[in-house]
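Below you'll find the structures, each written out as structure tokens.
Here chain A shows up in two complexes: once beside chain B, once beside chain C.
This part shows the complex of A and B:
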């Protein structure tokens, strides 16, 4: 699913700082380290238009493996980082990730949503777009929303289906949209 | 008898004279003069040494500490406690030479009553000039006299007493040129040192300028005022009557103040002179007229009394014949102790050649025999001459060590020297049996002195920080196997440093490692040191190209490198690095090379 784009990802300076790959025992340092990891992962996913991150697959990508330093974040550490990201801000994390609990998945915590935009933020983006294009009261299918020509210039173009639904659900809760239809056939109406 | 000001060591204990030994220490002691308590001197440590009785207040000891020379003590009486009254030891001064003075001041207990009894009216129209009494020496407490030949500043011998000294008192020659000074020079220096410190410190009232010391000293007031009462001073040599503000006779140039004239003529005038005043809260350098009392609020009075009596009988201060070596090694050096223990020797006989050497050897053997013989006569005597025995054992050990092999000789010498320097001052024996706390606090002070002694530089050698275990080992080694300190006592003593406000402190690292540091040394300073070092590392390019930006992040350091750089032990270095990490200054990198530390850029 990694849609590799030709443009190389610009790594931040800390990526080349060897202690970046060692879990820091000092709480403050650790916190700042996790923040840096979080923003690196978010930037990486945004760059690659990635909404889900599979640790098993990503662990050997340059994201977690700095071949120049010959340093890597192992699976356990990477999981700890995502764990921290999955915590809400009130719990000491930054709420930028969410583990995907697949029902038949034997190994938990292998795939996670990386919210470089949170569902709430996506909802705002979509609502603004609807407002801006005067599509209130219009019924759209989710497929149209993601793949349609009208949204081609938008950030959510080509968005993950499930992620889009999460964003739309936020709008439903706010009373700004209504989702109907069955699995894979969802339509949405904006108010 | 005088209250003399004390020089305190870094650990706030009295600084001992070269061959002075500490005999006993007791805490919670109060000081009385006559029947009256002396304010601010009511809770402190009483130190009994072979030469002095010292009092060091628990609060603000730098200001409130005094000492009394044993040689000025006539006798000491023991007074048991009764109901709320604590047991006391009363110390009576030796009768003064000047009978009329004594009579005059005998019934006047402290100075308050004196000043009310005595009419305060200066005889001279203006106050006596204080000029001759201001101390010429930079250090008012340790008197120095300036050699008239070579102008070298010599110390006044500690056994030089202004009250008893006369022209016949032996005076050591100048240390620089070897010429004996005139008696008056030394006397003048001693007096001005005594009065100088008093005038500079305690004289809140402007009317009481130069007279904190009473007239017990015959020579001191000898030609201060003339009997006629007009303030002019007559020269003792040519009898020319000089203006009172002159220090030297206008006619013959003789010094006016120190002339030893007969005292009989002056009693009358002194009786009418302004009464000496001393600030009640400062008793330094004031004279004790009646008696002083030590009130023992926490026991220990019996032992104190016993040892005081012993010390008064032994009269160690008489042995101190040779002039003390000038200050640098003032506390205790065994060399002076050994030279001083020999009773006054006649001038060395002129013996040359092999005969002379043989004779010298014989003398030395005789002397050793004498010392050993005396020492083992009974246990008390052994305690008394412990120092000599130790010194003797050291020289013997050194000789035998040299004979056997070089390496051990060296270590032996180092060890025994450190033992001598340590002076073995704090022993359990010195303290009354029940007072565990006092033992600990004394041990604590002893340790602090040991650590801060610049001659040994224990702490400096270890980069200003050493682990408690290392210190314990070094300390006990330097005691030469005598009076060893148990680890638990040692730790508890070290824990007292902070409480006693001593210049060293105990620090516990996160891992539980206990280290000893200078008091003013803080983690912040260490962190700053480390960061400065890290910054230095950023200046020089690394030897081989590195993937990271070395100008920005520098390079990593290991505990070994830090230990080398700061002369720490590796364990301490690791702890310091982790402490810096804990404070967020550094961060770690774990790799196949081991643990390395970086400036925190996260």
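This part shows the complex of A and C:
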């Protein structure tokens, strides 16, 4: 999934700054560093249309490994960055990631949602689209919503199914949609 | 004339001479003053005409603006000092207040520098955690030139930036210009660099990064001295640490700017 996009990812200048890959001892500097990592990870995932990031898989990709500089972010450090991103803004993070609990539970978490758009933001995008195309009251399957021709021009086209459901749940809570049907067969009705 | 003045009459004579010298001097002075005044007013009006004629260029072309400002400075007219006092009772001498830019180019020249100053302050605040409050003037210029939103770029010269920072002085903002080596920085945190710290920053400019052993070799410093300076710089957030090499390296964050936004 990560390598299917033809255009190369434009890395920011920070990526070629060797200290970027070492956790900074100064708190202020560290904060700035985490912000930069967060925006890099978000941009990377957005570029590759990736909604979840598996650290085990990503740790050897160019995202965390700058082969030119021969610097890398090790697993522990990458985890620290995601930990920070998973904290809400009021807790000092930026609320742009969410750990996905492994079924085994005890093992350390290695997969996370990367919210380059948060579910609430996705919900807005979808609601706008529904509104703009006059589909209120229409019933769609989630599969149609994600893969259908009607949404081909939309940013959520081809979106991760679970991520889509999270976004739809936001709409459900707002009373703007209803989701029904079983696992893998979900349908949705917009109000 | 040929006879030396002796006796009582000499006193009267001398008095007369002194007096006539004095009147003559006064005459000369007033002619000089008059001619200088004419020259000055001619020059003033020429400067006016010049500025008016080229006002659009002055506004739009940073190099031209800088040269014009430099010319004004050379002849003792500080456009910025003059523009700080907005419209104070119209026409007065060029050098002594009034509102030079306003008179000549209209109010938007003031606004221009204030605009630049606002951008500079914003940028300094945004990047403070990244660079410890020391921002290269050149980097600042590039960044202000790019702007944040589309079309919000301001084409400015370094001179404009320096002027803008100086225009903040009356606000006691703590913003100032420091020179380290060949580079000028805007310092937004009122903190003095000591000589050792400045030396290390200068070394980083030249070499790209430094390590303790590099400082020991190049500057003949003892290990403790090198380590202390570096620790101070780290604590102030002025350098970043790279611990993935054989020895700890310390880099300056000055070239990080272009993607923090």
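Heads up, the rule we're going with is that the second predicted complex is superposed on the first by the 186 of 191 C-alpha atoms of A that agree within 3 Å, B and C clash if a C-alpha of one lies under 4 Å from a C-alpha of the other, contacts with A are read in each partner's own complex, and residues count from 1 in each chain.
As a working rule, a contact is a pair of C-beta atoms (placed from the backbone, for glycine too) under 8 Å apart; a residue touches a chain by one contact, two chains touch by 3 or more.
Nothing here was measured: the structure is a model prediction, and the numbers come from that model.
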| item | value |
| --- | --- |
| Combined model on chain A: chain C and chain B, fit or clash | clash |
| Chain B versus chain C as contact partner of A:135, first or second or both or neither | neither |
| Partner chain(s) touched by A:154 [first = chain B, second = chain C, both, neither] | neither |
| Touching partner for A:61 - first (chain B), second (chain C), both, neither | neither |
| Which superposed partner A:71 touches (first chain B, second chain C, both, neither) | both |
| First (chain B), second (chain C), both or neither touched by A:19 | both |
| Partner chain in contact with A:29 - chain B first, chain C second, else both or neither | both |
| Stretch in clash, chain C with chain B, out of 42-50, 78-86 or 240-248 | 240-248 |
| Shared chain A surface residues [contacts with chain B and with chain C] | 13-14, 17-22, 24-26, 28-29, 32-33, 36, 71 |
| Partner chain C, residues of chain A touching it in the complex | 12-14, 17-22, 24-26, 28-29, 31-33, 35-36, 39, 70-72 |
| Interface residues, chain B side, partner chain A - complex | 547-549, 552-553, 556, 581-584, 587-591, 596, 598, 600-602 |
| Contact set on chain C toward chain A in their complex | 128-130, 132, 209, 234-237, 240-245, 249-251, 253, 255-260 |
| Sites on chain A touched by chain B in the complex | 13-14, 16-22, 24-26, 28-29, 32-33, 36, 68-69, 71 |
